[in-house]
Every structure is written in structure tokens, then in C-alpha cells.
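Reading through the C-alpha cells given below for one structure.
All chains are identified by letter, namely A, B, C and D, in their written order; residue positions are counted from 1 within each chain.
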Amino acid sequence: MSDSRQPLLKVRDLKVTFGKGRHEVSAVAGVSFDIYPGETLGLVGESGCGKSTTGKALMRIIEPSSGSIELEGSSLIGRKGKALRNFRTHMQMIFQDPISSLNPRRRVKDIVAEPLDCWKTVSGNERDVLVSDLLSKVGIDPKVYGNRYARQFSGGQCQRISIARSLAMRPKLLICDEMVSALDVSVQAQILNLLEDLKSEYGLTLLFIAHDLAVVKNVSDRVAVMYLGKICEIGPSDALYEAPAHPYTKFLLGAALEADPDSPMHNQVLEGEPPSPLNPPSGCRFRTRCPNATDKCASEEPQPQELAEGHFVSCHYPLTIQKK
Amino acid sequence: MSNVAVSEEQTSIVERPEKKAPLGPLFWICVGWIALNFLGAIFANVLPLQNPLYQDYASINVGPSLHHLFGTDDIGRDIFSRIVYGSRVSIAVGFGAMFIGFGIGTPLGMLAAYRRGRFDTIMTSFMYILLAFPAIIATIAILSFWTPRSLLKIIIVIGFASVPLVYRVIRTATLAVSTKDYIIAAKVQGATDRRILLKELLPNIAPIGVSFLLIGVATVIALEGTLAFLGLSVSPPTPSWGNMINESRTVLQVNPWLAIFPSLALCLFLLSLNFIGDRLRNHFDVTEVKL
Amino acid sequence: MSDAVHELLVVKDLSTTFTTMGGPLPAVSDVSFTLARNETIGIVGESGSGKTVLSRTIMGLQPRTNVTVTGSVLLNGNEMVGATESFKRALWGTEVAMVFQDPMTSLNPVMRVGKQIDESLRVRLGMSKQDAKTRAIELLELVGIPSPAQRYMAYPGQLSGGMRQRVVIAIALAGSPKLLMADEPTTGLDVTIQAQILNLLDDLKDRLKMSVVLVTHDLGVVATRTSRIVVMYAGRIVEIGSTRDVFSRHRMPYTRALLDSSPKVSNASHTRLVAIPGRPPNLLQLSAGCSFAPRCSFATDKCHKERPELQAADEPGHAFACWNPLPTTMEQQS
Amino acid sequence: MVRYVIRRILMLIGIVFIISVGSFYLIHLLPGNITTIIEGPGASPANQAKLYKLLGLDRPIYEQYFVWLGNVLHGNLGTSFISQESVASTIRAALPIDLEMIFISQVLAFAAAIPMAMRSARKPDGIIDRIFGAGSFTLLSVPPFIVIILLVLFISIKLGIPHTGVSTYVAFTSDWIANLESMALPAVTLAIGSFVVYFRVLRSDLIATLQEEFITMARSKGISQRRIMWRHAFRPSSVALLGAAGVNIGGLLAGGFVVQFLLAIPGLGYTLIAAINQNDYLLVQGIVFVVSVGVVLINFIFDFIINIVDPRISRE
């Protein structure tokens, strides 16, 4: 890659398989990408494409079956016990379901302080100050709400508390797994804005996983599109949305609904449904639904090729002209 | 950013008010009844009760009166006093056995469900095979061979026999909670397994555990009664509710009071325990686990 | 209303109030609108806006206890409010049918999908067993399910979400209803599948000459597929009008806020969203004024004290409920 | 489905094997010399030696087990030293009584529980539901030995209905009407216990099922309330009912001895208690083995039925 900066997170050929023998499913079938300091990488795809599994595998909540994960040059694979627990604090995660992310039987203050209590990095007094500060930062008044139980809060508030908790250890990388998809639009906008604010304030790097193309574009500098366990296209968000090179990306964008009565009706709708990951197609995984597929697509798996600066596509017949 | 913070303060209404089923006055009456029985059992010695073993041949099989509140049995012992003393056996067996059952079953069940993997597979298969054996027959067989019988032995045998059941309930409950995102979140923050088990899992399975515990105590107390009928509970003349009901069988026609009062004492106690357990389950909205 | 003959659905002053432990909960209040034959109307709102309760009340499918319904729903001339269960039952399936939000829960998991379609045909239309099966397979084909004869024997658990939603649509179509209520029909589905299902509904509407009520939280879903839109907030209609008027000539600040707060594919990345502060109100503690006032940047004292009624805008059929409406395009220019 | 059944059968064989080992070792777990335990402390050394040989105790223990297992597979559970009767034939004589008792009690329990639960669930917290709920709750707290005493007190003693008292059991083959009379009290007692379980399980599951979206979907088709209750709600909920029934019937097989003991009905449970009191260990061993296998088989059969009713399970 031409980018001279050192990546914060380097993922190479990450694979996750579930089950054994006949029931083996490769949920993530070899995924490689870099995330640079200070940027937001969006990971978008439909349900079952492996985007959430990728996120969890990065934290080793789900154990990857092979591949490498490096954060600032040190590997996450092979760490055990305290070393793994300690390493995880450099990366944090926010989940889809705001309600289930918080223990209903603990107080908000204790939830946010949990990482501090685990590692005992600060004294009791500092802890309280830090927690109050974090809560105010995410728009929850610590004096009014700090002693409430988590089960008393609405989805948007729960997601704010989750964000506060994830920031307590000053992580380098924040993985957001569908963090706004359970929220109403008006609340979703609040959370997305809050995330952008905190990102610049804390100098965060984000991996933003979501199925909503508009949301992903809004927060991301670069976007990766996943289909059936593989990345089919990755590139700068504006360029990728402007001129998608992979047919799947094009269909995905074509299906996204704009809140605009003048937007064109979807004449070209992707037919059929994704094949079962139990028995993925040979060669290119998208070929069974792709209108441009040829014999080559069935026999040969397309490798990522660079179309423009930082814009890679895994397709034998990319829709935009290849860079020479 | 600051305007977001302000806007959140404006709406001070908490949106998810707790929709807990109220416990109701009957719940507290039941709690009071259990407490009263406990007090009676503990202070039976100092209470102004007649000697439960004293045989007053002047008044045999008399009905309720001021002198003998619930009457006397066929050898002139005071039924009321015997019921109060008898509660000691029921309470000791019920809570004692469940103490053993939960003491062993809870940590095993939680560990198995949280760890999964080989420990879970082996432990769970083992417990399910134990469950296939009719526990009641095993209890009877062991108690009938393990002589001389004592209260402690009864508690130990029933306690151990209940472990697989407790294990199953706790494991299922823990499994349901383990998949919640806040458990993953705790791992992500670097919490130790011990911390997750004690701080995140235990408080959330406690309501299920407590309601099952109460229903378990009720079941064990009924089991003590059954054992008494087979002559496998504490030996007479020590009073227990089971013993008293058993003894009443021979004089059922002459003196039904002898059957009715201890039966009432037993049923009311079980009813209270079951009711408290059931209400707690509703109150905590325990739906994940079917007991 | 005199146009009852022309309009398929006439809703007038409809209110649905639930009796809860915390007091009466007005889920839907004073809703009135009409729907012509072969027309699609969109009902848009966030969670708690009353849109789902409204759609169920129109059908008469609200729970039978702890609920009070007032007003009137004329469905093809039949009054649904206060009607007996057996009267409504005669209309369900043949006059009006419903497509539910979550295809994972709206199909009976222990019944073969074919049987679930058959049921309406045999019980409601009195078809023979064989005829019903033939018709059910036809319906499965109509909604675009490949190898319908095999899928007839499948259990819902064996089908994907998109396929299940097609089955739900097939069930709804079994009685050839004149009105189809679609309650968030694509919310749980992936974007590509969502497009398939919406196109299917559009297509079926024209082929079978149905009217459709499309209930959704997603303005994108209704933007190109409806002729008119109802915007709901806290149980009330806050704006109603033709799709174009609502999108481009809205007067109610909430409609504007809703449009502005949703991210758009066409916007550049890192475009700052215009968030609506606060949260939707608690329906148990509604103020006397406009329910949106606490979150509205234009709110005045009057907004907090007095509730605005729907008032007509310049365009025909366009109305809004606001004391301080956004300026019309002409006003903006002047 | 076929794979599921095969897997379950393999598991069943494994569990039965383990039960056989457990039952076999039961008498070896007893403290002291087995021959002394079996023949009593007064037995002559010559007799003890004979028994030692007879039991094959001179051979290694795993060999003893396989000899025993071989015999069991041929239906030979040994001969009681107390009664000198074949254990298998004693069990064969007693088992039908248990089966008859369980069968009658289950018919009664289901006949009461299903319609009452359906009625209750239609209007949860309505008057009828409250009455049924309070009734079932009270019955839940009355142990079977109290029920049977009350029944004897009122039916047998006060009303004087024949063949309903203690030690009045009549075999089915000798007089079937009298047999049914003598079965009435124990069957009703067991039925009450089962009814409480079935009613409560089915009611709460039905209430949950009736709130499912597919019920609203079924309503919106315009089919009758009756059809919704039976076709759409009862079948999914019957899974919970069948699960409870499997456990409960197994429990009755193992725990039916209380009523048998109190009324002196010579079923398996009564025979077991008598055997324990007489130190008839081979009979105890035989009954424990048969009952355990029976419990496992009942669970297996109910799992299988649940599988047919609910297509969701075997696909997991």
C-alpha cells in the first residue's frame, strides 16, 4: 500500500470457522485489512456475511481459527490469561443491543467504573472523578443518574453509558458493532454525533460495523464491503460510494432507500438470496447472483487489485477502469 | 457536544419504568408465617409449651381445649407442643438439605455454564446420568441401610440427592445470562473470570436460585413426611410433622384431630414457601428458566 | 362522510387508550384520514408514535382487554369500531389482511407453511382440500418463492427471513383482500431483500387492485412507493399530505427534524447530522400542549400550553399541527 | 430426523449400560460381608460359602458383572433368598398394577388439566383463572400422603365405598369392577399431583404462546377463536406439557410407592419397601434396575413425541 503511515491495526488472512466436519462453516474466510491511527473504517454487509464475527474475532471473544491480528506491531494471537486481558483494554467494543450490554442489576457508576476496578489503576477518589467526567462527556448527568440501575434507562441512554464505559481505559481502537441499529432515527443521530465528537476529543480510531449503508458512510473515512465471509471491496468512502467497482457493492447501494421521492426506483434488484456458508460457491463467492459472472469466476478466485489509491476490489471484471 | 448533554437533562423522565409485579400483602403474610414457624422452632425450649414427650394418661385423645390447644394424641401428649417441636425437624431437613444441594450445585452449575468446553460436557453428562436414577429410591435405599438413622444423615442424603437438580437449574440459568452482551463487555474490559462469575453472573441468577430454593425446601419437607411414613425419618418419640401424621393413621376414626392439625401445619408451611417462591419468580420476571 | 362509497377506508377521530398500572395510556389520539381504492398510504413514526397500534386498531385487532377505542373506522362501508369479533372475523382475510413486521415470529413454527396458507382458503373460502393445496402453491409462486410445491411442505424454520416474509404475504393474499395493512414489512430484512419485498408489494398491489397501508419508521421506505404520507408523533397525526408535499413542503418542524436526522447515502462522509434533542415523550405524562414542544427549537409558551389542531396548508390534502409552522417556499422567497 | 433418533438411541443404550453397572454395584456398596447381609448374621459358614459360590463372588468383579448382565438380558434377575421366588416373576406380577394406576391417573389428570388450562389462559387474571390458579396452588402444597389420608377418611371411612380402604386391593383378573374401585383412591391421589403440574405448565406456556405474533396473524385470517386456541396455540404449548409429563410419569413410576404402601396395594413400590424391610437385596436390586430403565425409557419416548410435535428441535 502506498500509504506511508504505520497501521494501528493490521489484520491478515483472518479466518473463523464454527462446527466440525460436515457442519463446518467458515463465517470469516480470510479477511485482511489495516486500520490507520485516527481513521474510521466502516465494515458493511448483509446479515450472515461475517462482519460481526470479524469484530468479535479481533477482540478474541470468538477465537479465530487462523490469521494474524497486530495492534501497533504486537500480536494478539497466542496471548493468554492476564496478558490477553490486559491487551484487550487497548481495544474496546460497543454492542448492538443497548439493553443487554449493561448488567441490569448494577449501578451506572459501577458499570462505567468496571474497567478501572478490574485494573485498579486509579485511587478511589480519582475513580469517582473520572467516572463523573466520563458520564458528563456522554451527556448523562452523574449526579442525577449515577446511582440508578442500568435497567431503568432507554436504549439511547444505555448506548451512551456503554460508550462511557468503553472510554474509561483510554483505548486506542473502538469497535462499534451495529451500535445504532436498534435506535430510533432521532436518537441514532444523537449517538452518531456524540461518537464523532468523542472520536476527535479522545483521538480514537474506529472500526464501525453496520448494515446501514448511509450510517456507515456518514461516519467512515474508508469502507470495506463484506459478502459471505470475504471482503469484496475496500476503499475511501466517498470514492467507493460514488463509483462502486464490485457488482455486489453496486447492488447494495442500489437497494439502499433514500428518503427522497425523486430518487430513482430500484429497477435493478439483486435476485435471490446469499448461498449457505456451509457450502460456498467455488471461485468468486458472489458469482451465483452476479449478472456478469463467467466461467472464470467459477474456477478462479479473484484476488484484490488496486483500482485507485487505496481502492481495492476482488473481482475479475471490476465495474470501473483499472489503474495501470 | 454540550448541547447534547443539556438535551438529555431536559427529559428527566426515565423511559423504562420498572414493570415489576407487586408482591402484595399475601406475600408478606406468607413471609410472616414462615418467620413465626422459625421463631417457634428456635425458641421452643423457652416458650411456655408443655413437654412434647410427656404422656398425660388422664387426657388421651381429647379434642381441642384451653388446656390442650389442639388436643392430645393417643398417649396423652400435647399436639400443639408436638407441632411446634416438630417444625424443628422439617425446617432443619428442608433448609439443611438445600444448603448442601445449593452449596455444591451452584458453583458447579455456574462454572460449567460459564466455562463450557470439556468441563461442561463431562459434568453435565455425569449429572444427567445421575438424574436418570430415581433419586427417591436411591434416598430410601441408602437411608434404610445407613443405620442408626439421625437427622444429620437424612439431611446429608437428601442434600446430595438434590445436587443434580440444582445443578441443572443453575446451569440453565447461567447459560441464559452468559450470552448477554454485558458478560462479553466485562471480558472485553479485562475482568477476571472470578470477577465475572461473582459480580456479573451471580446477581442475575440469584433471583432464579432463590425462588427455586424455596420450592426445593417445600419439596424436601414433603419428602421428610414421606420418609416418616416408611419409618425412615427421625425415630419416634421425637416429634416431626411426618411422624405425627403417620402415627395418626391408626386412630383416624377415633381422633381425626391428630391427623388434621399436623397436616394443616405442614400444608400451610408448604403453601407459604411455594407462594413466596412463585411471587418472587413473577416479581423478578424469571422467564428464561422453567423450573 | 359522503365519499364513503368512493373511499375504501375512512378513519375518523380514532383514539385507542390502554388502561395500564400507571394510568390511561393514549397510544392513538384523534386520528382521521382516508384511503382510496388502489392507493398506497404511508404511516411514518418512531417507536412509541402509535403507528403500530393505529394499524391494528384499524383492523380491529387490538387486544381485547384493558383497551378503549373511540371514533370510527369505515372499511368498505363496514364500521370496525365496536363491532363484534364475529363481524370483524368475517372481514378479516377477505376485506383486509395484514403483513407483520417480524417474519420470524409471525408464522406458526410447528405448522407447515402450506397448511398455514390452506387454512384461510379452506376455513374462510370453503375450498376443498385439493383445491386449497393447488391454490396455495399458486400463491407461493405468485409471491416469488422458487419450487413452491416443495416449500408447501416446509416448516417456517427451514426458510430464510425473506422467504418467510413472502409466505406471510401469500397468507395475507389468500382471501383476496381489498386492503393490505403492512406493518414494518421489511424492518428485519437485509437491504437487498427489503428491495425485493417492497417491489413485490408494489407489483401485487397493481395486479390485484389492492389498497395498501404501509407502516414504517423508515422515510426511505415510503418515499417512492406511496401517494400520501401520514407522520405520527406521540399518538397523533402531526402532518399529512401527498408524499411530495410532506417531503419537500413540510410545515411541521418534527417532519423536518425526522428528515434531517437520518443519514443519507448521497451525503459526503462526516456530514454532521441534525439531531433532535431529547427523547419521544412518555405517553403516560403528556402535557396539555404540543407533544413535540419540549424537543422543538421553535417552541413558544403557547406550544407548551395549548395543543395545535391539524390545519390545512396551501396544497390540497396537506395539513399540519403546529403553532409556529415552517415557512412555505413562497414565504421563504419573499 | 433419522440421525437424531439414532443418536438418541445410542445415548439411551449408554445410559442403560451405566444404570446396569450402578444397580449391579448397589449390593456391593453395602457395608460388611455380602453373604452375611443377604443371609443375616445367623447364617452358617457352610451356607455362606455356598452362597458365595452361587453369587460367583469368587470370580473377579467385572466377570461377575458380565455374568449378571448376561442373565439380565435373558430376563433373569436372580432368585430371592427370602421368598425363594424369581425376582423377574415377582416384578412381572407387580408391574401391571403400577402401569394401571399410572394410566388411570394420567387420563384423569390430562382430562382435567388441558381444558382448565385452555380456559384459564384465554383470560389470564380473570375470575376463572384466579379460581383455578388458587385451587391448583393449594393442591400443590398438599403432599400425596395427606391427600390419601383425607380420601381414606372421607371416601372409605365416612362414605363406606367398598374396596377403597387400606388392604382392600382386588386384582383386575378376579373382579374388574372391584379392581377399579380399589384403584380409585390411589389413581385420584396421583392424578391430583400430576394435574397441578400439567395445569400450571400448560397455562403459563399458553399465556406466553397467545402473546406471540403468529396468534395475531391467525386472528387476522378471520378464523374462529376455537380454532386459534386448539390449532395455533395448543400445539406449540403442548411441547412444554409433554416435557413435564415425561418427567412426571417417570417420577410416578419411581415415587408411586407412597400410596401403594399406605393402602397396601402390591405394586412395585410396595414390593420395594417390603423388600427393603426384609433385607431382600436381590429383589431391591432388580426393582431399582427395572424402575431406572423404565424412567429412562419414558423420558426417551416423550422426547421422541416432542420431536414429532415440534419440528424445531431436531434441526438444532
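The definition used in the following text is that a contact is a pair of C-beta atoms (placed from the backbone, for glycine too) under 8 Å apart; a residue touches a chain by one contact, two chains touch by 3 or more.
Owing to the predicted nature of the structure, the values given are computational and were not obtained by experimental measurement.
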Min route length, chain touch network, subunit A to subunit D, equals 2
Moving step by step between touching chains, how few steps can get you from subunit A to subunit C? 1
Leading the contact tally is the pair A-C
CA centroid of subunit B to CA centroid of subunit C, Å: 51
What is the distance, in whole Å, between the centres of subunit A and subunit B, each centre taken as the mean of its C-alpha atoms? 48
Centre distance in Å when subunit B and subunit D are each reduced to the mean of their C-alpha atoms: 24
Interface hub residues of subunit C, defined as touching at least two other chains: 275, 277, 279
Would you mind listing the residues of subunit A that make contact with two or more other chains? 154, 190, 193
Of all residues in subunit B, which touch subunit A in the complex? 1, 4-5, 7-9, 12, 14-18, 180-182, 184-192, 195, 199-200, 203-204
Subunit D partner contacts - residues on subunit B that touch it in the complex: 129, 132-138, 140-141, 144-145, 218, 222, 225-226, 229-230, 245, 248-249, 252-253, 256, 259, 263, 266-268, 270-271, 274-275, 278, 287, 290
Under the touch definition given earlier, write down the residues of subunit A that touch subunit C in their complex. 46-47, 154, 156, 184-190, 192-193, 196, 211-215, 217-221, 237-238, 241, 251-261, 263, 265-266, 269-271, 273
State the interface residues of subunit D toward subunit B in the complex, per the touch definition above. 15, 18-19, 22, 26, 30-31, 137-138, 140-146, 149-150, 152-153, 157, 201, 208, 240, 250-251, 253-255, 258, 261-262, 272-273, 276-277, 284, 287-288, 291-292, 295-296, 299
Which residues of subunit C touch subunit A in their complex? 46-47, 160-163, 190-196, 199, 217-221, 223-224, 243-244, 247-248, 257-259, 261-277, 279-280
